[in-house]
Structures are given as C-alpha cells and as structure tokens.
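Both complexes shown next keep subunit A, but they swap its partner, so subunit B is in the first and subunit C is in the second.
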Partner chain A sequence: MTNVRIWLAQNYAPILAGLVFAAMFATYATKGSAGWQVAVLDTAANKAVALALISMAQTLVIITRGVDLSAGMIFIMTNCIASALVTGTPGDVALGICGVLLAGALAGLCNGLLVVFGRLPSIIVTLATGSIYSGIALAIRPTPGGSIDEDLADFLTSHLFGAIPTSLVLLLAVVLLVWVPFRMSVVGRHCYAAGSAESAAYMSGVSVSRAKLVAYTLSGLLSGIAGLFVTFVTYSGDAGATIGGAYTLNSIAAVVIGGTSLYGGAGGAIGSIFGAFTLRTIDDLLLAFGLPPLWQPLFQGIVLLGAVSLGAVRIFRLRNRMEVFQ
Partner chain B sequence: MMRLRALGRYIDRPSLIAVGVIVLLLLVGSFYSNNFISPTYLLQQLQIGAFLGIIAIGVLMVVLLGHVDLSIPWVVTMGGMMATAAGNLGPGGTALAIPFALLCGLIVGTVNGLGVAVLRIPSMIFTLGVNAVVQGLMVLYTGGYAPQDRATGLMQWLAGERILGVPNATLVWLLLALLAGFILRLTPLGRYIFAIGNRERAAYLSGVDTRLVLIFSFAAAGMCSALAGVMLAGYSRMAYQAMGDPYLLPAIAGVVIGGANVLGGRGTVLGTVIGSLLITILLSMLSVMQVPDSARQIAYGVIIIVMMLISGREMRTSA
Partner chain C sequence: MRKHHHLATAALVSILALGAGVASAADGYKVVSGPGYLPDCFTPFPKSAFFQWAKKPGPYRIALVNGFVGNTWRIQMIKNAKGYASEPGVKDQIKEFAAISTGTDVAAQVAAVDNYINQGFDAILTDAVSPAGIAPVIRRANAAGVVMINFDNRADSNKILQVNVDTFEMGRIQGRWMVDNVKPGGRILEVRGLQGTGADRDRSKGFHEIVDSSGKNYEVIQVVGNWDSGTSHKVTADAIAVYGHFDGVANQGGSDGSLQALLDAKHPMIPIAGEGENGFNQMCAEHEAEGLKCLAVAAPPAISSVAIKAALSALQGEVMPQDIALPLPVTKAPNFKQGISFFPELGSGFFPDNTFPACSVDQSTEEIMKQVVE
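On to the complex of A and B.
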C-alpha cells in the first residue's frame, strides 16, 4: 500500500496529465460531430504524435536543466531531408530513413558539443543552431514539395487490427526503444543528477559532459523521428520556420503540462507525451464545440496560460518564503 | 594607459569585440560595394536598427534578472495595433495614441511580472502563455486581417523623419538607452536588478523587495516592446498581423552578443546597443548582397555561435 502511495506521489504529474487528456478526449469523441470513428482516431493520433515526439526530445534536454529552442528546427530540417531521401526501392527507403535519423542525431550532438565544450548556455546555443538548421531546411526545400514512399506512409498513418492507430504503436515503440532504456541506464540517471545539482553530480564522479552529450544527441534523434513521421503524414517537406518555432514553443508547454520541472532534474517523457496530447485535443475540442474561429487563438492562449499556472499551487503551500527561490 | 583603463570601465570585452566585428563587416562589405561605408547607408542602419534596439533594451532589463520575455512578438504587434486604432478615434485619440499603446504594453508587462514574481512560474513558459493570450486578443480585435487604420502623423514623424539629418528613430533609441543606463547605473533600483540577477535569495535577505523589482523589469520590457510596435507601425504607416515575429530572436541575440549573461547579473546598455546594431548590419548586408535566405540564416547562426565562443567563454553555465 505504501509502495502504491509513493509511486502515486512520485508520478502524480504525468498521471494528472493523462487523466486530463483522457477526460478531454472522451468529451471530444462523444460531443464531436464525427463521434467514435476509426478515421477520427487516426487523424487525431497523427496530429498528436509528431508533437509528442518533439516534446519527448525537449524533455531530455530540460531534464539536464537546459532548453532546446532548436527542436522545432531539427524537426523541419529532417522533414525536408526525408522528403528528398525516403523514396525509391525498399533499399533506398531504408537507407534514407537511416540518413534522416542520423541527421537528427548529429544536429542534437552539435548542440550538445557546443553546450558542453563551448560552455555556453543552451538557450543561446540552440537559438543559433536553430537558425542554422532552418537555413539547411530552406536550402533543401526552397518551396514546399518533395515526396515520400507512399505505401510506407499510408501504412504508418492508418491503423492496425481495425482500430489501433499505427502512429500510436510507433510512439509506443519509440518509448520502449529510446526512453525506457535511457531512463533505466546509468547515463540517464546521470542526466537527472546533472540537471538537479550539476556541481554535486560532478563532485560525486558523474561524467556530466557525457551525460549531457547523450541527452542532446538522443533529443536530436527524437526530433528527427518526429520530422520523419510528419513527412509520412504530409507526403512532403516544408521548410517554414514559423512551423518550427510553433512546434518548439508547444513542446516546451507540453513538457511543463506533463510535470517536468523547467529547473531540471525531475520529470519524464511519459508526462510530456500526455501534455502534447492534451494540447492537441484542446484545438480539436474548441472546433468540436463550435467556437467561432476568431475566438480560438484567445482560448488556446488562456488554456495554455491556465495549464502552466497550475504549477503555481505549490507556492501557496510553502511555509518558508526562502523556498520560493529555486 | 590610464585612459584605456578608464575606457574599460565603460566598455567591456564583449562589446569591444562586437564593435570590432561591426568594423570588420563594413570593411569586408566595402569590397563588395562602396555603399556599405557611406554615411547614408550607416544612418539608414541606425534608423532601422532602432526598432530592434528598443526591444533589446527591454530584453536586457529582463535578462539581467536571469529571466527571458517570450511575449515580445505580440506585445510589439499589440503596440502597433492599439496605437493605430486609438489614432483613428478623433482628435483626442490621435493625441493619446502613443500613450495608450504604451499603457497596453505596461499592462501586459505587469501581468508577466506578476506571473513570474508572485506565482513563481518560470518566465520562459509564463511569457509564452501571455504571448498566446495577447495574440488571441489581437486576432479577435482585428478579425484576422490587417487593420485599415493609418498611423498618426506623430508616429510617422517619430519613425520616419529626421532632425538635422539624424533619424528621429535613432534619437528615440538613444534617449531610451540613456534612460536605461541611468536607471541601471545610478539608481538603487538598478543595483537591485543586478543583485537579483546574481543571487535572488541574497537580495531578498538583504531587504530588497524582489517582487517589485521583477514586476518593474517586466513592465519596462513590455513598454519597450509596445514602443517598438508604435514606431514600426509609424515606419510602415500601418500595423499588420505578426509584425513583431521577426524581432524576438534577434533581440535576445543582440543582448547576448553585447555581453549580457542570459543567466542574469551581467550586462550593459552600451553592449546591448552595439549588439543590436551588429545584428541589424549583419542582416541588412546579407540581404543587400542577395544571399539566399537559407545561407543568410546559416550565416546568422554561425556568427552568433562564433561570437559567443570568443566572448562568452567565462560565463558560468549553471546558476
């Protein structure tokens, strides 16, 4: 019983995010004009999974007490690369996918190298590299276009066994293959330690540099997977910097809603996934309830602001004013 | 030697490097075209740079505390839209257009400050939410189209005209920089801002009302953004959707290139002015040379990184 209580206390933020999402999605699916339909599920899942992957990428960096303002730009860069490489024979497609993922991981590694060895704050490094990545995306696709292997795309964006969206299965696979091993590994633990108290971690013999490099590289890889996935959804590459910026900002919001501390050292990718799902469902809900389109941006803003303000409840429970200063 | 040291008190190493880079850019540019070192071109840069420079001074006030203001894009747009809207409400509105826009900026900035200082929500995420709300309000107000209201004569005069050959926009920028420099260097409030940026706990325990200082800085940043919006609207004779979007990242970059520490506690107004000017000249030269947009973005990123590697090495990387 105590074990359950401890587990609940440790994971209440992701659980809360999950419950909020479940309630919202249930409302959407019952109130929505389309009702419970496989097609509705597929579209909803496809829209949410790209953001969920970028939010996972963002989580990894935020855990080390950094922030990745280039996540959205790595996403559009890999989207453009995928729209150029992932076509042709099955062999070409496989090689192309590897190339896309490698590009994402390399971009993340560059961020990590500059943060670790350049000793620069991550917010500035990723601000600058984000500009570079969006420049590369624009060089590959000056105008939206390109193509991708359509059979694979259709398979990955529809559903399995009649009802389960393939994109969700893909997301689960990424969680099991990237996040869970990372969280279980020593290096993952070191990332939490580095984010929580960097000098203490360093003094205890943690290789902070290595931990950060791993976190940034995996983060780039996840953004790359997101870029690849969105190519499957749209069949094309688009180097719009505003799209990248919007994804970056939404990913930070999703991470916060999912209960990861922006001060590093606490939280996890599962919460961020639910955070991303929640954000996407808000958009759909507003549509389903027939809110006039002009009111939507305002409501999205208010919901976003309200969601992040929930974290402030902690402040009013503190007995000692000094604890306010993180 | 003494003189050099006296100079060193007012201009720090990152700013000197930034000045060096500006001179280098202009020299290299002059091989491409003589226009780059002509007074006309330089004055034009000082005029265009004023919009970025004014925003950057607001960013500096917040960055010195170790915070960041991501609500800039839509506060700038709001400043432009509210000023043009008020300016078309008859003679009284025309007179009050600029004060009204500044008041709106002050209100939004104060909301940012309250969220950060009282609710203790990380500024990065709270100002992001405020940005979304302001965007929602502006979309609702304009119906999603560019407003038809024209900028008032005073706005156009401030942004577009010149006195004795010096652009008025540059003068506004200069006055604002002097005011910010005065506050930061010569008032207790300025000391408090640096103290909080270095160690908020210590400042609080020394009796500084840290909340008020935080709210002041965010409110000042909001007013700077709104002022830049007013002037931008004056420059292009009207306000339009998302007019502030291209200014967020360059403003932060300008502040940082000017030697401010994004984690707070270090930075100068002079550095910020020089940093904004560097970014303005860099973007303008790349566009005059008709470098494709992709290469321009890559060059922009590379230069920021290189400059940071040269001048930002001694920065502490964790708070």
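On to the complex of A and C.
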C-alpha cells in the first residue's frame, strides 16, 4: 500500500497530465462531428507526435537544469535535411534516415560541448546555435519543398491493424529505446543529480560533464526524430523560423504541464508527452466548440496557463528532487 | 541493378501495407478535355488540365482552412468568403460553411484538413501554408472524393483545383509601368514581400523579367518589406538614407508605408507602383496634384469567394480547369477616385476592389464589413 502511495506521489504530475489529456480528448472526440473513428485518432496523433518528441528532447535538457531554445530549430533543420535525403531506393531511404538522426544528435552534441566546455549558460548557447541551425535549414531549403518516400510516409502516418495510429507506435518505440534505457542508466541518474544539486553531485564523484553531454546529445537525437517524423506528415521540408520558435516554446510549456521542474532534477519525459498531447488537443477543442479563430490565441493562452498551473503547482515549490521521496 | 531496387521497394511496401490501412490513391475526379464551365470567370492558365467530379446532390458542407491570420488581407479574405456564402442564391446551396485559421504550422493545417475529410465535408478550400507540405492531404482528399481547392498561396501540385491571380503577371504589370515611367539608367527601389513564399518569388521574377530586359540599364535596389506597411516604411526610409535618391519605387504590398517614407523624407515625387490597398490608393489621389504618379495592382481577397463558387460548380459536376487564373484589377493615375478606389472611413489595409464581374462576384463594402471573423 505504501508502495502505491509513494509511486503516486512520485508520479503525481504525469498522471494528472495524462488525466487532463484524456478528459480533453474524450470531450473533443465526442463533440467533434466526426466522432470516434480511427481516422480521427490518426489525425490527432500525427499532429501531436512531433511536438511530443520535441518535448521529450526539451525534458532531457531541463532535467539537467538547462533549457534548450534550439530544440525547434534542430527540428526544422532535420526536417529540411530529411526532405533532401529520405528518398530513392530503400537503401537510400535507410541511409537518409540515419543521416537525419545523426545530424540531430550532432547538433545536440554541439550544444552540450558548448555548455560543458564553454561554461556558458544553456539559454545563451542554444539561442545562438538555434540561429545557426535555422540558417542551415534555410540554406538547404530557401523555399519549402523537397520530397520523401510517399509510401513510407503514408504508412507511418496511417494506422496498424485498423485501430492503432502508427505514429503512436513509433512514439512508444522511441520511449522504450531512448527514454527508458536513459532513465534506468547510471548516467541518467547522474543527469538528475546534476540538475538537482550540481555541486553536491560533483563532490560525490558524479561525472557532471559526461552526464550533460549525454543529455544534450540524446535531446538533439529526439528533436531529429521529430524533424524526420514531420517530414512524413508533410512530404516536404520547410525552414520557417517562426515554426521552430513556436515548437520550442510549446515544448517548454509541455514539459511544465507534464510536471518536470524548470529548476531541474525532477520530472520525466512521459509527463511531457502528455503535456504535448494536451497542448495539441487544446487547439482541436477550440475548433470543435467553434470559437472564433481570431480569439483562439487568447483562449489557448488562458487554457495553457490553467494547465501549466495545474501541473506545476507542486513542482514549482521543489528545490530538490529528494523532496519527492518524502 | 535498378530492377532489384524496384523489387526490393515492392517487397518493402507490401510488407508495410500488411496490416496497415494504406489508402489507395484513386482520385475523386476524372481528367477530361476542355473547354470548362464559365470560361470568362474560370479562365484556365495555359497548359491547365480539366477536371470533372461526379455530380453530387446539394446542399453542401464546405470548409475553408486558412493558415496565417495576422494581416488585413487574410481577415478580409475570410470576411469575403463568409459574405459570399450567405448571399441569396449561394446560401441555399450550402448546408454548412466553416472557416478556420490554423496559424503557420504546416502540421496543424494538414491536421485541420484531415479533420474535415474525416467529418465528411463535400469541399475543402485552403490557403496553403506551405506549397509542398499540403501534398499529403491533397492525396487523402482525392482518395476520399472530397473536392479540394487551393487559392492565394499556391500549392505545388497539379492534382488539386487552384484559384489564383497570375502572380508573375502582377510583377510584370509593375515592371512595364516602371519601364514606361522611369528614365533610362534610373535607380529603382524594389520592395519585396515575405521571403520564402512563392508569391514573393514569382512577383519579383515577373518584375525583373520586364525591367532587366528593357535595355534601359536600370539599377534595381532590393529591400524586403514583408507586404507590411510598417516594415515597408522602415526599409524604404533606410534605402533613401543610404542611396539618397530614387527614380521609381515598386512595392509588392504595404505600399502606403513606402509612399509615406518618400513623403517623410521630402523626396521628390517619383512614380510608385504598389498594391491596391485603401490607404495607398487614397494617398495617391491626395498627392496627385503635387505630381505623384501611381499604379496600383491587387490580388483581391474576393479570390476566396470565387473559390467557393468554383467548389459549388465542381460539386454540381461541371468541367473545371485545374489551374484558374483570375483577372488582375489595375488602377493607374489619374483614376484614383473616392468611393471606388478608396473609402476614407475604412482602414488603410482594406482592399477596395471586390468585384469579379465575369464570376458574378460583386461584393459591396457593407456586405464585407458586417461579417464577423469567427
């Protein structure tokens, strides 16, 4: 019994985010005139998965008490790279996908190197590198375009066995292959320690530098997966810097909704995924209820503020992850 | 070697398709031969194909999925569409008209179109956020038999009806007028639109096609005004500060900004080619006596109304050109007149010309202004 209570206490925020999302989505699916059908799930999942992946990327950096303002820019850069590389024979496609993921991871590693060895605040580093990544994206795609293997794209944005959106399966795979191993690993725990109390962790013999490098690199990789995925959703690359900025800010909001502390050292990617889903459902809900489009940003802001407060009420007071265990 | 690749692709695709709901790409329309319905209104671009959908009984459910919403043109475009959809004679053919704006996120626009396809709408109109990014929903709309029409920002696709003005021609009209009105060897300021968009690229190309080949050795200075009055004002003022003197200005949009910058700098009156917005037209009329010469060309927001008319015609089984070019309204000095070219009581960003006579689209300012953008 106490085990359950501890588990609940530790996972209060992601559970709450999941419940909020479930309630919102149920309202949307019931209210929307298309009702419950697999196509509605596909559409919602395709729209949400890219943001969910970027929010996971953001979570990794925020856990180390940093912030990644370049997440959205790595996303559009890898989107543009994918629109140039992921086409041709199956071999070319596979190589192209590897190239895209490598580019994302490299971008994350650059951020990490600058933060760790440059001893610069992450907010400044990623503001600068984000601008560089956005420049690379524009150099690759001055105007939106490109092409991608359409059959693969349709497969990944459709559904499996007539019921499960493929994009959700993909997201689950990323969670199982990237997030869970990271969370269970020693280096993952070191990231939490570094974010919670960096000097204490350092004194205890934790390799803070290595932990941060791993977190930033994985973060870049996840943004790269998001960039790859959105290429499947749009068949093309688009270097719009405003989009990159919007995704970055939304990812930070999703992280907060999901209960990860902006002070670092507490939280996790699962909550952020639900945070991202919640954010995306807000837009859909506003449409389903027929709110005027010019008013939508206002309502989005209000609902966002409410959701963020709900998720953050407890975690904002945390200064140290140890408090969660009490 | 190539054959093996194809075999491998086929194998991969069939494996992927196993258990996956991959839609077949059968299109909802037939490609037929012209001429199309109402050729004076739905004038095809040269080389346009002709599409025909099976006739469907009305009344219809039609959705408009706009992207960016932060400028006057887009807001007026939605008002035009709503006004037209509620006009007598049109209203009774429409069961439901929904208009939404998704912002500039391609994935959000794709999802919104998908939602309307899922809800079984008969026709979906889009102002594409990304010319290429809209392709997946074109494929799905065609597979679902939904009439999809794109207007304004072009889609890079010949599998969808497109209603547009000839953006190259807009640039050419400004270019020709510059060549006629600016002395050889003169310095021309070209104020471009939003970078990265097809409309900006095409209009600039059309402009240069005429000006560069005129043999008059013009020096063209390019600045970026983003089709916005404030930005145009700033970049024009900057350019005057740097270069001192221009012999002509061609501005794609937000042209009153450029004109105001010329007036503020006490620059001698020079020919200025701009976009036919209320404020620009009014300033042209007011300063005509001082020697100002203007040309105004506009892409009227009422394109959205013609797009609705095209959707209704397609649903009624008429033969439609795939690529429709609407005429461009042009006003030249001294034809800037109050009550026709401008309305002092309305904002400077209003587009006064809302008529496409050949399409029986003639929307009064009252009809447009009373619409609420919801």
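For the reader, a short list of remarks on this structure follows.
As a working rule, the second predicted complex is superposed on the first by the 309 of 326 C-alpha atoms of A that agree within 3 Å, B and C clash if a C-alpha of one lies under 4 Å from a C-alpha of the other, contacts with A are read in each partner's own complex, and residues count from 1 in each chain.
The rule is short, and it goes like this: a residue touches a chain if its C-beta (ideal position, glycine included) is under 8 Å from a C-beta of that chain, and two chains touch if they have at least 3 such contacts.
Model, not experiment: these values are computed from the prediction.
Legend: residue contacts after superposition of the two complexes on their common chain; A:T89 is shown touching subunit C, with no touch to subunit B.
Residue contacts after overlaying the shared chain place A:S251 against neither subunit B nor subunit C.
With both structures placed on the common chain, the touch criterion links A:F155 to subunit C but leaves subunit B unconnected. In the overlay built on the shared chain, the residue A:T64 is in contact with neither subunit B nor subunit C.
In the overlay built on the shared chain, the residue A:P142 is in contact with subunit B and with subunit C. In the superposition on chain A, A:S223 makes contact with neither subunit B nor subunit C.
Of the two partner chains, subunit C is the only one touched by A:D238; subunit B is not. Contacts of A:I124 after superposition: subunit B is touched, whereas subunit C is not reached.
Looking at subunit A, you'll find residues 138, 142, 242, 294, 296 touch subunit B in one structure and subunit C in the other. Taken together, the subunit A residues at the contact with subunit B in this complex read 65, 67, 114-115, 118-121, 123-125, 127-132, 134-139, 142, 198-199, 241-242, 249, 252-253, 256, 262-263, 294-302, 304-305, 308-309, 311-312, 315, 321-322, 324-326. On the subunit A side of its complex with subunit C, the touching residues are 32-34, 37-40, 42-44, 46-47, 50, 83, 89-91, 138, 142-147, 150-155, 157-162, 166, 230, 233-240, 242-243, 246, 283-284, 287, 290-294, 296. Listing the residues of subunit C that touch subunit A in their complex gives 5, 8-9, 12-13, 16-17, 19-23, 66, 69, 75, 78, 99-108, 110-112, 114-115, 117-120, 130-136, 139, 156, 196-198, 201, 372-374. Contacts from subunit B toward subunit A in the complex involve residues 68, 70, 115, 118-122, 124-126, 128-137, 139-140, 143-144, 200-201, 204, 245, 249, 252-253, 256, 262-263, 292-302, 304-305, 308-309, 312-313, 315, 317-318.
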